[in-house]
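Okay, so chain A shows up in both of these, paired with chain B first and chain C after.
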Partner chain A sequence: MSEEIKGKILKHDTQTRTMHWIHLLAFIILGLTGIGFYWDIAGIANIFGGPANASLVHRWTGVIFTLGPTLYILLNFDRFSRFVDTISTFTRNDFAWLKTMGGYVPFIKAEHTPPQEKYNAGQKILGGLIIAGCLLIIITGFPMWLWRDMLSSAFLALCYNIHFWTAMIMILLVAGHFFLAAIHPKSRVEFASMMLDGYVDAQVTAHHNAKWFTQLQKIE
Partner chain B sequence: MSTAVLNNGVIHVSDQCKACDHCTSICPTGAIQGRLGEKHHIEIRKCINCGQCLINCPFGAIDDFSMVNERIRKALDNPHQFVVVQEAPAVRVALGEEFGLAPGTNVKNKMYAALRKLGFDKVYDTEFAADLTITEEGTELIHRVFNALGVPGFEHAGPLPQFTSCCPAWVKYAEDNYPQILPHISTAKSPQQMFGAVSKTYLAEKLSLDPGTIYSVSVMPCTAKKYECDRPEFIASGYKDVDAVMTTRELAQMIKTAGIDFVNLPDERADQFIGSSTGAATIFGVTGGVMEAALRTAYEVLSGEALGKVDFQAVRGLDPVREAVVEVPVKALGGKTLPVSVCIVTGTRYVAPIIEDVLADRSNYHFIEVMNCPGGCINGGGQPIRRDTY
Partner chain C sequence: MHIFAEKAGMTRRQFLKGSGLLAVTVIVSGIFAKIGIDAFAAGDNYIAQRAAGLYSLDEKMALRKSHENPEIIEIYREFLSPGEEKYLSAKAHHLLHTKYGKNIPAFIEELKAPGQNENSHEAA
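Moving on to the complex of A and B:
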């Protein structure tokens, strides 16, 4: 058994956690109202006071969904740049991690998990997909609201289709993200880190994010 | 007589409405109700049945009342009915789109063949009736001009300016919103209704048929024509002028349902009503077309001269409101030239200020053409819907 590493490491600071909370709550409201619109579920619309009000809530929540991360990026541009740099860089270790899916999938054997950075290869892919999905949802959503009068019907229909299908994929991704971060026994320790105090056990970090842990040790 | 169309209108928003609210900006009369996110509905009282919302709905969630099964197929299946059909000029250049042909392809000869295969007893062309409308409307304009000039014998002619009357969406708009303007609208029936009336009178006589057995169908690029054909006043012959209307889309659907290989049909000609029609009728379906056609007639009658130059370029184009002055030498005034001021409006949303000017006696126009649909009947609510154009 390896030597026990004591202590905690700050993985997500207050601003990051706040942005994550805001984005999560906005996403839930947007997803719920959006599903209500698409499948014409009166029960969902009625929670918000009818379909027109549900639409109003959807649109203004969309503004929060857009402005929340925008403000975060503006206030933490260096951090966001590093994040983008991390999730867009795939090393041999990442590809090796992907081959075994980090040991998260029961029927894929993973005797050795390659060392990972602050985000593992799966999280990198998720991060990229979430950013791309958010951008697609935002750039189709605002025209559907603000320029619905002047867009051609064909382009408007295209916006609706992209908006809906991107949202569906995002819901599935977020559901998977929630399962791994909050339920899966191997990784649920991450949940409190992002949703509560921002800290994660150093022992866990040394195992799950060995490269990052080594970097932190060097800085110290 | 069925009053379904008159009571319930032609255009309806279906349950498939995604509440995108695009249609409210398309509707020229504000008849579509509903906020963004809320399923929309049409206020029948305000709707002019133009179908622009239908062809512009991103989700195909707006329908028009169909007369195909309840009226047309029943008539075709009835051996005691003699079913005649007319097709508007704008249909022949759009129908091909439903069969993969390039927009604008003139498929009139295949269309005649298809209509015969569908079982219509006689296949005529609305162009002949369009000529009748032009003659009526042109003559009426001349009478109104003579009345305005104080020429004796024309005291009972209506006031100037004269508005065209062949667009049923525009006529309903005027009735609903500006009843005071009605004396200015030409009393001439639209080509569809003229054809219907003639089919129940002259044609019945010519073919030695009981008018009661003639069933008159029209193929139109327009959904408002369905409303027009059911208007109770159009029974001049004692029979309903036009019994049923189908749109270009519905004709295409009938052809497809019947399994007719439209593209490979042999070319056929329309049955002859009297003789050939003029080129003036052909341009009826495009904005400025009625005006141009009527001006040709008026010019020739007023000047007593054969019209050398037949191209009134000034009234062509696609701007929503266009105007021109045509110098017409008037024989009755000793050859004195009369400047006839004309205006063309494409889109009823643009007509209100022009009507307000007329009612306030500020208008300088003599003749005003109004067509509801952008560009004229060619973009009517019954035309093929292109969802692949951005």
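Moving on to the complex of A and C:
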């Protein structure tokens, strides 16, 4: 893109950023308390006032973890639907992007990055995995809390295993997401768009999300 | 300096995908709940069958209460509490109650100790 584009793009509005913050904080608390239980790490449990309190915090943070996105979806169904449509649509450009990993991986050369939508192919895959992971964690978490006295031990063991392994994968995914969003010099330019004011530089978007950029409208 | 934003609203395709994902969520949750309910029912059924089996075995027994068993009565009258049926006698307490520990030879010596069985556990 030779022509310079001066301006800003509202990529994530206030409600999306609020939901992202709530989910992020809930995930950190859930991850910490969960790791504390699983490996019986007293130091982590003590941050939350001992094992019993850490257990309470884990459960009620799980409620926030569930209600946060649920409320967001109900109040912003159009945004949610656009998001689902974007992350579930894979075109030839997405597969071409995946072949070079968008140029983010040092040992894969990417001279030309195919035009991407609001989210690139990697973010689309992450979005799908996060949705699936959250669903698995939520539907296995509540039976372990609410119906543990009446469910069979075999079913509870299934819940524990799915809950634990999904959480481990999610922690790794979120760690990768954090690295690319906050540390990697090529992609951290978008950090503020989700964590602070919602805006991203138009020039950057015209390059990173060229396909999406052509669909935007000028509001000021 | 310009400000850009995406268009509000959604297309029919977007609506269908959003609703579709919610429907898939409900279906996956429902299938998982069904697995849980079936597992609970199977466990419940097993417990009911096991209880019925134990009751039916018990009903077939000639002797259904241990204190009415002639052999138990005899062992009390002739050995554990000679001349009477004293179920909590010192000797019965000493010989029949389980003790836990690693020093087995010491337990055996304790049982062999003279007078141990007759008096030492009256107060116990």
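Criterion: the second predicted complex is superposed on the first by the 215 of 220 C-alpha atoms of A that agree within 3 Å, B and C clash if a C-alpha of one lies under 4 Å from a C-alpha of the other, contacts with A are read in each partner's own complex, and residues count from 1 in each chain.
Definition applied: contacts are C-beta pairs under 8 Å (C-beta built on N, C-alpha and C of every residue); 3 or more make two chains touch, one makes a residue touch a chain.
This is a predicted model, so every value here is computed, not measured.
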Clash or fit, chain B versus chain C on superposed chain A: clash
First (chain B), second (chain C), both or neither touched by A:155: both
Partner contacting more residues of chain A (chain B vs chain C): C
Contacts of A:202 with chain B and chain C, given as first, second, both or neither: second
First (chain B), second (chain C), both or neither touched by A:58: first
Partner chain(s) touched by A:37 [first = chain B, second = chain C, both, neither]: first
Contacts of A:111 with chain B and chain C, given as first, second, both or neither: neither
Touching partner for A:143 - first (chain B), second (chain C), both, neither: second
Partner chain in contact with A:88 - chain B first, chain C second, else both or neither: second
Segment of chain B intruding into chain C (one of 130-138, 148-156 or 166-174): 130-138
Footprint overlap on chain A, where chain B in one structure and chain C in the other make contact: 150-152, 154-155, 158
Complex interface listing, chain B residues touching chain A: 15, 18-22, 24-25, 34-39, 56-59, 386-390
Partner chain C, residues of chain A touching it in the complex: 6-10, 73, 77-78, 80-82, 84-85, 88, 118, 131, 135, 139-140, 143, 147, 150-152, 154-155, 158, 202, 212-213, 215-220
Complex interface listing, chain A residues touching chain B: 37, 40, 50-56, 58-59, 144-145, 148-158, 160
For the chain C and chain A complex, residues of the former touching the latter: 1-11, 13-15, 17-22, 25, 28-29, 32-33, 35-36, 39-40, 42-43
